[in-house]
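Once you scroll down, you'll see the structures, which are given as structure tokens.
In the two complexes below, chain A is the common chain; its partner is chain B in one and chain C in the other.
Let's look at the complex of A and B:
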């Protein structure tokens, strides 16, 4: 009788362990999926933020050279390649190495921020892309953004008097405020009412 | 009546009760062994208690069920949270893309207006009041527009438009939500 009870208990224990390991395997895969998704969302958020910063900076540029100068102010170690004149496009490529926290680094980079700058008919066009460092060649970017900028108004604003510059600065802050407001209609409504 | 209790709450220890009565009536199942020593009776009682003690059947399974429930709950919560965060990030990225797409269209229009203004000034055409302060709206999404107001500056070396307003505005009237989609009936 005692032997039978012990064997039954052992059988139940083995069965319980089997069920537990099966359930644990499913749960671990769910945790891994959640971790992966969390990493992707952090990556996307940071990429959007970095490209938005660069886009706002480039909106003040008066030429491609000026855009490169502004980029090097923000990212001193940025690599700027000469424009490819042979293809006729005249694209200047700017490459910035970023670490895991999306800060500029000179060491091992986790991501690469690239800006393809071109100028055509008073319009500066910048194609901004963030690639994982090990996936730059495949072309699967985290986030892409294209920014265009009318150069005539910027040239005049930068060459103008102090009041023009302050007006331009005011407009810039309006643009950034609007960018924030896009995701928050309530705040947008409040600020518009206040203004 | 049990062999262990005489009905008055007194337990029969070592068969003393049965022994005192001198009958086997109160001894019950143990009447057969009462002929032996009190020690043999005690051993029989202990053996009975050992056999009737419940084996820990079900306890490991119960623990496992509890652990699995905990694991599943936390895994589900973390997965749902991560998924919601990812959707929010994607929505944010879409909003940014929509905003900059509208900005690009507005910049293209501004560049075209600048070229027209430069041509008009160089050809000596007179700029009308409407042309000197143009304004236009570019849709950002279903409920927002990018509102742009410009002012012509013909006195500058290069005639151009100065930006007076560059702002995202709500195109639809704001209505507070009165209901919540708790349950959608077919």
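Let's look at the complex of A and C:
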């Protein structure tokens, strides 16, 4: 009788442990997922902030050269490549190495902020992207922001409105938006990121 | 033999139970640690970013020609926002004092002390800087040591230039 009771207790314990370990495995995987989501949201927030900063600088530019000058004020170690005019694109690429805290670094970079600047008549277009440093080649960006800025408005010393801003997060092709004459590029960018 | 077998019958469930209890505690501790780190990271930069957003919004509210500047206030760099309600001219100063970013609104011709401001948020550093071209750069290090920076381009900067030239 006593032996039977012990066996039953043992069986009950083993069953309880089995259920517990199954629940624990689910919990641990959820913890890991929560950690990953938190890291990604932080990454996105910081990427939005650095791109918004750059967009603010570019809103005062009167030409691509002036844009480069303004960018180097904020990021003195930015690498600026000459525009590729042979291919007809005429895009000036600016690369800025960022550390884990999304601050400019000259050492090991964790992220790369790039700005593709082009000028067409009186419109300055800047494609801003933040890539993880180890994923620049694959093109999986953390956040993309396109800024179009009327150069004539800055030259004629009127308010430098950002005339068109479109943004997308995580290369989601169907996530894009434009806001005409928006004063805050961050707003439209984050709204799209949230959707 | 029988005695040894019954001893094993008692010890084995106890060992199994101890293992079960240890595993349960470990999972709870692991979960608590993950939750703690998630909350900490969510709060990371919160203060610094809140402050920078606040400053940005203050500038946007006062974005009139020549009303935004960075000036020395009692030996400290302060963001100065000037406004005029028609009868009186006021200036709002935002500066770092005693580990707090403070805000003080006074009549434009009034002298004031750093201690007169109202604390907004705790910070180790708050550096406002006017880089030219109507661009303001703000760097702050919050109480937790997290550094954040923002750039604000004043929309009325062009109007100020126009007014100055005319």
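By definition in this document, the second predicted complex is superposed on the first by the 156 of 195 C-alpha atoms of A that agree within 3 Å, B and C clash if a C-alpha of one lies under 4 Å from a C-alpha of the other, contacts with A are read in each partner's own complex, and residues count from 1 in each chain.
Rule of thumb we're sticking to: a contact is a pair of C-beta atoms (placed from the backbone, for glycine too) under 8 Å apart; a residue touches a chain by one contact, two chains touch by 3 or more.
Treat the numbers as computed from the prediction; the structure is a model and nothing was measured.
Contact comparison for chain A: of chain B and chain C, B touches the greater number of residues.
Contact with both chain B and chain C is seen for A:31 once the two complexes are overlaid on the shared chain.
In the superposition on chain A, A:133 contacts neither chain B nor chain C.
Using the contact criterion defined above for the overlaid structures, shared-chain residue A:8 touches chain B, although it does not reach chain C. By the touch criterion defined above, A:123 lies against chain B but remains apart from chain C after alignment on the C-alpha atoms of chain A.
By the touch criterion defined above, A:48 reaches chain B but does not reach chain C.
Shared-chain residue A:103: touches chain C; no touch with chain B. Contact with chain B, but none with chain C, is seen for A:146 once the two complexes are overlaid on the shared chain.
Residues 6, 9, 13, 16-17, 20, 24, 27, 31, 34-35, 38, 42, 45, 52, 153, 156-157, 159-160, 183 of chain A touch chain B in one complex and chain C in the other. Residue ranges of chain A in contact with chain B, taken from their complex: 1, 5-6, 8-9, 12-13, 15-17, 19-20, 23-24, 26-27, 30-31, 33-35, 37-38, 40-42, 44-45, 48, 51-52, 55, 121-123, 143, 145-153, 155-157, 159-160, 164, 167-168, 171, 174-175, 177-179, 181-183, 185, 188-189, 192. By the touch criterion given at the top, residues 3, 6, 9-10, 13-14, 16-17, 20-21, 24, 27-28, 31-32, 34-35, 38-39, 42, 45-46, 49, 52-54, 56-57, 59-60, 70, 73-74, 101, 103, 153-154, 156-161, 183-184 of chain A touch chain C in their complex. Of all residues in chain B, those touching chain A in their complex are 51, 55-58, 60-61, 63-64, 67-68, 71-72, 74-76, 78-79, 81-83, 85-86, 88-93, 95-101, 103-104, 107-108, 110-111, 114-115, 118, 140, 143-144, 146, 153, 156-158, 160-163, 165-170, 174.
Remark: chain C residues 9-10, 12-13, 16-17, 19-20, 23-24, 27, 30-31, 34-35, 37-38, 41-42, 44-45, 49, 60, 131, 133-135, 137, 146-153, 155-159, 161-162 touch chain A in the complex.
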